[in-house]
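Note that the chains are named A, B and C in the order they appear, and that numbering of residues resets to 1 at the start of each chain.
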Amino acid sequence: MIALPLRRFGRSGLGIVSIGLPIVIFITLSFRAENFLTATNIANVNSQITALLIVALGQLFVALIGGIDISVGSVISLCSALIVTVDPAFAVPVVLVTAVIVGLINGTGVAIFKVHPLIMTLGTMTFFQGMSLLLLSGAGGAVPPALIAMSKSTVGWLPVSFFWSVGALVAAGVLLNKTPFGLRIYAIGSSEQSAAFSGIRVTASRIGCYVICSLCGAIAAIYLTGRIATGDPTMGRPFSLDSVTAIALGGVLLSGGVGGVTAAALGTITLGLMTNGMNILGVSPFFREAVTGVLLLLAVSLQKRKVIGI
Amino acid sequence: MRGLAGLIPFNGGAASKIGADGTVFPLGRSILATARLGLGFIPEDRKSEGLFQTLSIEQNMALGMLRTASMSSVAMIDKDRILSLMQKMQVRARNSQQLVSQLSGGNQQKVMFGRLLSAGVDILLVEEPTRGVDVGAKAEIYRLLRDFADDGGAILMTSSELTEHIGLCDRILVVREGSIVAELPGREATEESIMTYALMGDQATVERA
Amino acid sequence: MIESDARPSGALALRLRDIAGRLSAMPIAYAATAFFLVCAAILRPNLLQPFLLMLILRQAAPLGIAVIGQSICIRLLSLDLSFGGVAMMASYLLTSGVLPYSEPVLIGLSVLLGLLVGATNAYFIAVRRASSVIVTLAMVLILGGIATALSQFRAPGDAPEMLRYIGQTRIGIVPVAVLVWIGVLVPMALFLRYSVFGRYVDAIGSNPNAAWTSGIPYVKVIFVAHILSSLFAVFSAFMLVGFVGFGSLSIGSDLALNSLAAVILGGVTFGSGKGGVLGPAVAAFMLMFVFNLLTSFGLGEPGKQMAQGAIIALAAIAYSARSTRI
C-alpha cells in the first residue's frame, strides 16, 4: 500500500500526484527527447491537448456528480460526420443541437430512469457510433473553410488552439466556481441526499451535467474537424476513455464531489505529454493505447471507493 | 464491537477467544476468521447490513450452515433443521420460502439469529437486539438470548436501551472514554448506578438503595 | 353468506391475471424471441430453415459461452467488458506463430492468459475497488494495444487444426460448436444452482453489505467470477478463430457489448439471477437471429451497432422502471 501523502487539497482534487506528475514528465522528456523543447513541438502539444482538454472539462462536470459519460467519444464522431454532411451554413447549430439531444437522452436515462451511468452511456455510445457510420462510412467530406480557419490559424505567434484551450478553461471555471449551478454540482457530488433535502433540484442539475459533457464533445468535434479539414466518423473513439483517464490522473474523484478545472487541466497535460513523448520517441501508436490503459488502471486504483464492482 | 467481529481494525489493545482446552485464538483479524472461530455478529441495521431482503427465509438461514463449507462443494442444506429453528423461535411466516422483506421487524431479527444459530456459533456479538421490534417479539428474542446463554453460549451485547441490559444481562460492563470503569452484576444494577459510573468513572461511589 | 352470488368468472379472471403476471415477469428474451421468429415467418421465411437456424445457433455459441461468465459477474454487481481484448490477444497468440510452440501448448497458454486476465481484473475490482467498467475497458486498451502493435511486426495466420474442427464441423446437423456450448452451459447451470458458490452469488447480489458482514468470502467470489468470465472469453475466442479459419484482429470485438445486452434481456440484472442460465442463453440466440434478420433487410454494420446500443439502453431502462414499480 502506497503511503504517499496522496491527500487532496479540499474539493479541488489537487494533490502531490496531480501536480507532480506533469512536472516530472516534462522534465524527463526535456532531457530524454531531443525535439521536445522546440517551439514547434510545444505548439504541437498544445494543439493536440486542446481537444482532449475540452472533452475532459465536460467529463469533469459529469464526474463531479458521481457519474460518467463514455458516449462522449461517439458524440464527437457523430458531430464530425454531421459537419461534412449537412449544409455548411447549418453545420455548427445542427451539431450543437444534436449534442444537447444526446445529453438529454443520457441525463434522462440516468437521472429519471435510474439506469447506471456506465450502462446508459455504453448504450448511447454504441448507438451513436453506429449512426455516425451510417451518415459517413469513412473519413472524407468537405469542411467549411470558416471552421478550418478557426482551428488552424495563428494569432500573432500563438496558435489559435491556445485560445480554444483558454476559452474552455475560463468558461468551465466560471461555470463551476462562480455560479449557483456549480455550487449545486459540488453539493450533489458530496452528498446527494443532503443536497436533495436542502431543496436542490438534483435531477435537473444531473441532466444539465450530461448535456454540458455532450456539448463539450460537440465543441471538440468542431475544433478537430476544422483542424484535420475532413470529417471522420470514428474520430472520437479514443476520447471516451482518454477523458476519464485525464481527469482521474488529475485527482478528480469518479465517485463525485472532488475535482476542479485545474485538476482536469493538469491530468490532460499529463496525458498529453505522455502521448507526445511516446510520439517523439517513436513508440508505436498501439503501444500508446496499451500505456493509456495501464495509466487508467493506476489512476483509478489510487482512488478510494467503498463499493466493489461496477 | 465491530473490531471484535473483525470488521474494523482495533485502535489499540487486543482480544482473544480461549477455547475449552485453553488454546488462545486472537480475535479481530478479519470477518472470515471470526466466522471460523465460532463467533457470530449481528449488526444493528439488519436491513442494510444483516439480511438479504430479496432472498427467502430458507436462503438466509442456510447461509449460516454454509459458513465453513468450501466454495466449490455442493451446498448441503438441512431444510428440516431450518424449519425446526423457525418453529423454536416462533418465526411468523407462511413458509420457509417467503421473502424476508415481507416479514415484520421482530421476525426479521429472529431470522438473523436463526442464521447464526444454524451455524453453530458459541459466541454472539449483538448490536441492538431489539431495534424496530414490537413488544411481543421483544420478549421472544430475550427468551432466545437467554436460552442461548443457558445452553453454554456467550453473548456480548450493546444496546441503546439501558433497561434492556438490566433485565437481561448477567453482567454489565460500563465503558467510559475507552476503558472499562465498572462491572456490575445484572441483578443489582439500576439505571442510576450505571449512569453514575458512565459519567463519573471509577471515582463514583454509589449508594446502595 | 354475503358472497353467495360471486361471479362464476371470478376464478377464471384470477387465473388469467396470475398467468399474465407470470408472463410479464419472465425475461424479455422469451417474448422477444417469439416475436422475432414470427416476424421472420412473415417477412423472411427462408431464415427459418433448420439448416440456417443451426448456422445461427453456431454463430451464437461463442456469444452464449461468454454470456455465462458475464451473467455471473453481473449478478455480483460487477461487469466484464474485456472480452474483446482477451479474444484479440488469444487469437493472436494462437495464429501468429509469435510463440513457436505446438498447437496444444498454444491452447494451454491461451487458457493461462484467460486466467491471468481474469485474476488481474478481479484484483483491481475487488482489492483496489476500482470500477469494473473502467478496469475492464482499460484491459481492452492494454491487450488490444499490445496485440495490434505486435501484429504490425508479425501478422496473424491460420487457425490451429483443433479449433477449426470445433468451429467448422458438425455431428449430424448439429454443429460441434453448439455441442460445446451446451457442454459448458449445463454443468455451469448445475454448479450455480447446487453449490455453495452459487449461494454466495445469490447473497452478494442481494445485499453486498450484509454479505460482507456475515463473513462470506466476498473477494474470493469476485475472483472466481472474473476468472471464469475471462476463461469463457478465451473459449469464445477458440470458437471464433475456428469459424473464420484464421486469426483476425476484429475477432470478438462486439462480444462484450452483445453479452451485456443478452444478459440483461435474459432476465439477469445487477444483483438478481431471476433469469437463471437459460434466459441469457435464449437471449444470445435471439440477438444473433435479430442481427441476421436485420442483415437480410440490408442493414449493415452501422445498423447493427445502433441496434446493439438501443437494446442495451432500452433494456436497462425497462428493467429499471420495472423494479421501481415494485
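Everything that follows uses one rule, which is that a contact is a pair of C-beta atoms (placed from the backbone, for glycine too) under 8 Å apart; a residue touches a chain by one contact, two chains touch by 3 or more.
Just so it is clear, the model here is predicted, and its values are computed rather than measured.
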So the chain most remote from chain B by C-alpha centre is A
Find the most central chain, measuring centrality by the gap between its CA centroid and the centroid of all protein CA atoms shown. C
Which whole number of Å gives the spacing of the CA centres of chain A and chain C? 31
Give, as an integer number of Å, the spacing between the C-alpha centres of chain B and chain A. 50
Centre distance in Å when chain B and chain C are each reduced to the mean of their C-alpha atoms: 42
Chain B to chain C touching residues, read off their complex: 5, 7, 31-32, 34-35, 41, 43, 48-55, 59, 62-63, 66-67, 69-75, 115
Within their complex, state which residues of chain C touch chain B. 194-200, 202-203, 206-207, 209-217, 220-221, 224, 271-272
For the complex, give me every residue of chain C touching chain A. 76-79, 81, 124-126, 128-135, 137-146, 148-149, 152, 208, 218-219, 222, 257, 260, 270, 301-314, 316-317, 320-321, 324
Parts of chain A lying in touch with chain C, wherever the complex brings them together: 68, 70, 109, 113-116, 118-120, 122-134, 137, 241, 244, 254, 284, 286-294, 296-297, 300-301, 303-310
